[in-house]
Amino acid sequence: MTALDLKGIIPPVSTPVTDDGELAIDDLRRHVTFLLESGVHGLFLLGSTSETVGLTDAQQEEVIAIALELAKGKVPVIVGAIDFTTNRVIERARRFAALGIDGLVVLSPFYIKPTPTEIVRHYTRIREAIDLPIVAYDIPSAIQTKLDRGSVRELAKAGTIVGLKDSSGQEANFRGVIIDNADLPDFRIFTGSELVTDAALLMGAHGCVPGLGNVDPAGYVRLYEAAIARDYATLRSEQERLYQLFDITAVAKRPEIGWSAAAWGSFKVALKLRGIIEHAAPTSPMTPFTAEEEAQVATILTRASLL
Amino acid sequence: MTALDLKGIIPPVSTPVTDDGELAIDDLRRHVTFLLESGVHGLFLLGSTSETVGLTDAQQEEVIAIALELAKGKVPVIVGAIDFTTNRVIERARRFAALGIDGLVVLSPFYIKPTPTEIVRHYTRIREAIDLPIVAYDIPSAIQTKLDRGSVRELAKAGTIVGLKDSSGQEANFRGVIIDNADLPDFRIFTGSELVTDAALLMGAHGCVPGLGNVDPAGYVRLYEAAIARDYATLRSEQERLYQLFDITAVAKRPEIGWSAAAWGSFKVALKLRGIIEHAAPTSPMTPFTAEEEAQVATILTRASLL
Amino acid sequence: MTALDLKGIIPPVSTPVTDDGELAIDDLRRHVTFLLESGVHGLFLLGSTSETVGLTDAQQEEVIAIALELAKGKVPVIVGAIDFTTNRVIERARRFAALGIDGLVVLSPFYIKPTPTEIVRHYTRIREAIDLPIVAYDIPSAIQTKLDRGSVRELAKAGTIVGLKDSSGQEANFRGVIIDNADLPDFRIFTGSELVTDAALLMGAHGCVPGLGNVDPAGYVRLYEAAIARDYATLRSEQERLYQLFDITAVAKRPEIGWSAAAWGSFKVALKLRGIIEHAAPTSPMTPFTAEEEAQVATILTRASLL
Amino acid sequence: MTALDLKGIIPPVSTPVTDDGELAIDDLRRHVTFLLESGVHGLFLLGSTSETVGLTDAQQEEVIAIALELAKGKVPVIVGAIDFTTNRVIERARRFAALGIDGLVVLSPFYIKPTPTEIVRHYTRIREAIDLPIVAYDIPSAIQTKLDRGSVRELAKAGTIVGLKDSSGQEANFRGVIIDNADLPDFRIFTGSELVTDAALLMGAHGCVPGLGNVDPAGYVRLYEAAIARDYATLRSEQERLYQLFDITAVAKRPEIGWSAAAWGSFKVALKLRGIIEHAAPTSPMTPFTAEEEAQVATILTRASLL
């Protein structure tokens, strides 16, 4: 297994698709290039923000191939093998591993209401089956199970997982994970809390996986560098600027549009407005933004000096 | 599209696997035969109880092929195309449709926190893409979204769905669905509430999809026939007997074993004890029953005159 | 302790108040008289629907005194001693007991996230301190704790509680309580599920505590009598009529008005429209109905032949 | 209305009671004295940690009188008027105001599932009725309603509330409140997140209301002073020490003991072990600690250099 040195800003890469649901290949190329040129420290493909649950198996593999072509060797490329239970994750991960990715991102089993014992068994069997580093992904809002501190500790100590992406929004528990594993210097802990990333870095996190980092990767890189430099004034002001930029996720409030469509969609709309991509459509069946909502996103981008 | 006449007892067929996670083909054949000989009115393959989320794509198709071989033309065979969002369901449903199934069972989109508008769009696009009758499947405990009465009504009236399987456990809302759609005689409404099936049938439900029906299909058929015959004394006593049989799902209480493993696993253990199948293993990573837990299941089966 | 023979329809009596939040005494008298003349089998004062949480201590005692004056000796009058924990309930119950009520209705402790052990201790200590029959009240939607079957059984067997009012909406569990306690003929089990009361009665429930019974007590009495008489056709048609009457609770849908204000308020508005009371105001800070919403309630009442 | 200058560490004062549930008056005096001598910046009486929901009305008033006798004029004494809805809070608050407290702490209405409109109306009416500064208290885990940013902003801007105690554990939203109200220098924002207090202070919070501050008030005062002094190394190390001290809340894990009893009880046990109080009993019906559990608390206190 190759070593995997994760740190810094690793955005969950948005996946542009056309109105017909086809992968927008040129858009994806431009977006990956934009992220790399903005100085991000890695790419996380096929995560929640990437709408991986909206992509077919073939589209998922195509995303990986395109991103690897552009990023391979420059920054680590880790990929979500999002599926319900052990054997399905293994099958998916095998196909992804064959494409040359650097690491896997794996959820706890879901739909089956697992116990910690079952969660640990899940990660352990996947790790035994696939010769790739695994980052555990904790997002209870999506899968209804919190990855508990004890399981993280057990998996980290055994070397089953090399890192954690914590998108639980439970900052006190997150600090506990950092304290628990302080004796494992190679275990890398990332927050998904893009609005209190500064706090996570000061607690000892190794980096962040910010959905909003699709829109302003340079801002998150500056944030990370300010934390490393212990430049507290810049750290806070940059985080507050990004906090207000996040208002784009609250623009679409019609009863027709769900939370995911409103949040993930706002990133695509912003990328379109910034000229990075042409297609801001969501995957089916999510509701697209109206022209008026796009205009409101533009106003917020302008306020944040991004237009 | 062929007409699909659904009614009565349609169990969500348990899927036997070996300790190694291989499909236990002979077990599955014997189990399907057992269900058919017990008089069930249909088969629901690849549902929650079937552990479809624990089966690989190839295993799912193999289950369909085996069941169809035994049941085709005898009773309707409907199949769960369980996946996150529209395009993924369509892709999966196309593969299943090619095998000759009689109807699809489809969940609301999940992981993406959809609105009713997005849910209706989801079902509509799937129906447009696949020439098979669709039964909507409402199980908020698994996917965190309740299929609301308004969406059911809209989909039923448009003919997008031909029926509903309601496993929400919300009996008052269920009655509302029945009342709402009383003017659509071909719309078929099934409860998944196996412990108050009698009540659902008296409210006007067309049948039940009972997980426990794997273990005692004849009991559920008797229950259904008593409801049709308005034999209220038998209806209540048979339901109460089945209620107590359901205690098998509460046998496994160790902290190691999750709710799904305890419930779905108890059905397999009971089938093994009844001599229908040889393999009671759960799909990975769920925890199997201990010998002691199996003995407790046997005690309950004996009490219910099933051993 | 006096014996307490509870059965049938025991509505949770709405509490009329003026726009200024004063108790509307004449309204309350007329409403209690209306309920008694409609043939209800008991009165439940100071429950959730009664807005007991919106009344001051003095108002609560005044409600009891007025209702007892009219109902004492005619039907049992039971009273909710709604408070957080043991000692506070005891203090409140002592004041209420001194007024001559026939029984107490008591919640599990709340705000403190209790275990079953703590719940059983709570009821036991209250019973030791107060010489009145206690009915346990299970309403997890209000207090976030489900009263589990094991605790109900333990309390019923010990004689600590003489009955249960189950407003959990969990019909399968409710049936379990009935089966568990079939050997205790004096233990009385009431459902709060006013939309599937027929089903509860067929399962063996002794009666119902319907909020909607404030509006149409005679309808619920007919429903109960049909169940006793095993007149299944009347049972279903009466329940379906009441089901549709319940639409009044869904009339007020403005973002300004909460679920409780919309439901409890609709009962008061209906009573005003039916000429029973003059004041339909909610207790503070709940939002009152608009004239337009009142008109919609009137339409539904007319449809149900109540206007 | 007197001005109220709130800042720094304001612990929610634990309320010692005897095994019989009597107020342990000498204990309370010693504990208040201990807190004052440790340098806390204010006292919050009758909050959640204070077990106010376990105290009778008379006990609540006695707690206020004792604390005021010791603290009046030294630090601000604010008091929770915890009750369900507007009129009940007003009645309670009037009694408390008459005792000479410096400010009220008020929850959103609960049990009634309020909307933001109803919440704002609640606070506004209380403020109109009582001539005391009000601090809003946001603790959705106890009352199931989140106090939203919009309502806080509206209430703060109108001067209805002078501050917020945010015990929601939602740090990203908390930062939003700080940013929203940056133009209101007199509006004071406190976190209840005792494990990430450092982060809250760096975001701009004015202080913390730490339950654990009962046990180690001097530690929290040091934490606060380090934040003021921008001494980041001390800030982090002090917070991490307090984080590990919080392990006392996880000592009692028996199924008999609930979350509240385990957490609030651990503070009392620690105070007993530290020699501040004699009685560590919880209010009824909460389960007390065993001797073995007390020993485990002692071990943790020793590790934190507090024994």
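All chains are identified by letter, namely A, B, C and D, in their written order; residue positions are counted from 1 within each chain.
What we mean here is this: contacts are C-beta pairs under 8 Å (C-beta built on N, C-alpha and C of every residue); 3 or more make two chains touch, one makes a residue touch a chain.
This one's a predicted model, so the numbers in the text were calculated from it and none came from an experiment.
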So which chain is farthest from chain C, going by the mean of the CA atoms in each chain?
A
Shared interface numbers for chain A and chain D above half of all numbers used, same, or below, different?
same
So the centre of each chain is just the mean of its C-alpha atoms; given that, what is the distance between chain A and chain B in Å?
35
Which whole number of Å gives the spacing of the CA centres of chain A and chain C?
49
Could you say which residues in chain B touch two or more other chains, in rising order?
none
Which of the residues in chain B end up touching chain A in this complex?
21, 48, 53-57, 84-88, 91, 109, 111-119, 121-122, 125, 142-144, 255-261, 283-287
Chain B - residues contacting chain C, complex:
169-172, 175-176, 179, 193, 195-196, 198-199, 202-203, 230, 232, 236, 240, 243-244
